[in-house]
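Across the two complexes that follow, chain A remains constant while its partner is chain B and subsequently chain C.
Take a look at the complex of A and B:
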């Protein structure tokens, strides 16, 4: 096994599990459609709330896709093979994560202009929403991976993952929606974006190593 | 060259689910040997293989390979290791060829097909693994033995779900591996053919 063959097989696995990507997007769409129906469909309410709605839906969609990141590999023995292969585990985890991020976030970003119109978000703000997703979502994936790695050997670990990682999602959501409301109020939002980028970089430095340690601990 | 290829384990202590297994286990395996680990269910046979492969960590004890201490980092061993666990990491959505290409990126399709012919699943080369029977899925993992040039084989129950013909083919492969100077550590509840001259290592206390 080499890094390249691992990358290829992960791409193939994502391709065979296209249903998961579609599920995440469908989930996102459902939240976005139900929210106005349930609360208030008027533009006066939705315009200021749009950033928050999109970000909550995105966080939950990411959580769902990250939670099962290692499940299949654990169940069919691939994870054991990966550990025994001699490849550096943090790098393989990062490869897996980048592919998963592309599979979920890229289609989401392509659909964001459409979704934002459903929530009456002005065109002049859409690019800010896209920036916050680009800078903030890596942090959500990276932190989620630690949770998924910790609970990989548990049969019903989903709730535990939620409890472990949700507190770490809060700053990302707060700064992301903060950037959007600042943009809507015509203020400078570069500070919030910088913090989102910083959180993502910090998680990039910590998450692969911590996930690798957690996976090895879970095998015991 | 061959004389340096020795895997040795000293005073190994493995803990699984708060039970102590393999207390004070020490042994040595040399190139060209086949070692048959025997023991009751739950004696720690699979755990021992996982510890050697680096999937689990031992509680106490040291491991040496080719003269180097590998207790903390298995790199030296893993570069020479072919480990087939109880579940061999066969991805059910992948076709048989795709499953093998992950482990042998340098192998050509001809080589992979030849390996599949040896384990008699050549005609399923492009079939997704989930459509195959348990025995055939087992053979996907075993086909790796025909492609690998690694010297150390750790095989966990390689004979389960195989038919008699499959068992003979695999025994011949093990024999050939031993003759070429490779070492094999395997667990099985089956009686091994006496021509393999397998050394028994008992885990029962």
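Take a look at the complex of A and C:
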């Protein structure tokens, strides 16, 4: 196995598991629907809350889609093969993660204009929402991967992953919604975007290695 | 520097006997210090000129809040020690420490709520400090959950250590972001941080009760570690000797 053949097989796997992407998007949509129904459907409430609602829904959808990142490979033994293959594990994890990110975030970004209209987010703010998702979501994927790697051997790990990983998502959510509300108030939001990028880079530095350690510990 | 005193703590047998000898003493010292602090604080310290008698809950609230933070620091350091040097006492310490830290964070939140009602007129505000303690509490719950959800002890130890280390890296970021969020969303509600300079009759009892809390937690951790050691080392000969000593 080489990195290239691994990349090819992963791309194929994602292509054949289109349902996972659809599930993540459907989950995202239903969480967004909860807020107008549960709290208040008027534009007065939704317009200032839209950024927060999108980000809460995105965090949950991302975490749930990352949670099962290694599950199938663990169950059918290909994770063991991957460790034995001699490829550098952090890199292969990163490849897997980038593919997963493209599979979930790209369709999500394409649908964001639609979702933001459902939440009465003004057109002039939509691009800020897209920037925050582009810069912040890598951190969510990277940190979530550590949780997925730790719980790969557990039958029911989803709730556990949510419990241990969500606290680490808070800074990203805070700065992302901060950027959006700054943009809504007509202020400069580049600082928040810079911090989001910094958090993503820090996660990029730490997460693949830690995930590799966790996976190796789970396989023993 | 001579590290032999520290290496001794890596030996389960040595630690068990050390905790047997000193645990109770530390506990009683802690109780005594805490009681002195309470008696001085509740009986002799002056009333606060603004908050009246309600300020006396500080003798529970502040030690609990300090312990909640110290325990997480200790967890993170123990996690690093375990991942770097594979010291087998480190995960035992983490297992003993995590629930106690959670209790301390809970105690800080509850006593803070009880204190908040008469002074601010509300049980809870989304203030930066309160929110970060709440998140700290949730992080403790996560560590306890991960320690208890694996059948394989080795894996549970590693998982808890990794999460504790990530938590240690993340705590400053979370704290900073929450403070920033707070200043954005909540302009000028309550400034809890700025204490008026306390007279010594107020801070001396506080010092006593903080030290008392530290001693009590140390003793509790020692005892919980002893229990965990007996479970994990149940096949070792020193455990059999230790158990049969008490005539079982």
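What to note about this one:
Throughout what follows, the second predicted complex is superposed on the first by the 220 of 220 C-alpha atoms of A that agree within 3 Å, B and C clash if a C-alpha of one lies under 4 Å from a C-alpha of the other, contacts with A are read in each partner's own complex, and residues count from 1 in each chain.
What we mean here is this: a residue touches a chain if its C-beta (ideal position, glycine included) is under 8 Å from a C-beta of that chain, and two chains touch if they have at least 3 such contacts.
Just so you know, these numbers come straight off a predicted model, no measurement behind them.
In the superposed pair of complexes, A:95 makes contact with neither chain B nor chain C. Of the two partner chains placed by superposition, only chain C is touched by A:175; chain B is not.
Of the two partner chains placed around the shared chain by superposition, neither chain B nor chain C is touched by A:50. By the touch criterion stated above, A:135 is placed in contact with neither chain B nor chain C. By the document's definition of touching, of the two partners only chain B reaches A:80; chain C does not.
When the two complexes are overlaid on their common chain A, residue A:8 makes contact with chain B while staying clear of chain C.
Contact with neither chain B nor chain C is seen for A:148 once the two complexes are overlaid on the shared chain.
On chain A, the surface patch touched by chain B in one complex and by chain C in the other comprises residues 220.
Those residues of chain A whose C-beta lies close enough to touch chain C in the complex are 143, 146, 150-151, 153-154, 157, 160, 163-164, 166-168, 170-171, 174-175, 178, 181, 199, 206, 210, 213-214, 217-218, 220.
Residues 83, 135, 138-139, 141-143, 145-146, 149-150, 152, 154-155, 158-159, 162-163, 165-167, 169-170, 173-174, 176-178, 180-181, 184 of chain C are the ones touching chain A in the complex.
By the touch rule above, chain A contacts chain B in their complex via residues 1-2, 4-6, 8-9, 12-13, 16-17, 72, 75-86, 216, 219-220. On chain B, the positions that touch chain A within their shared complex are 16, 50, 53-57, 74-75, 78-79, 81, 83, 85-94, 98, 101-105.
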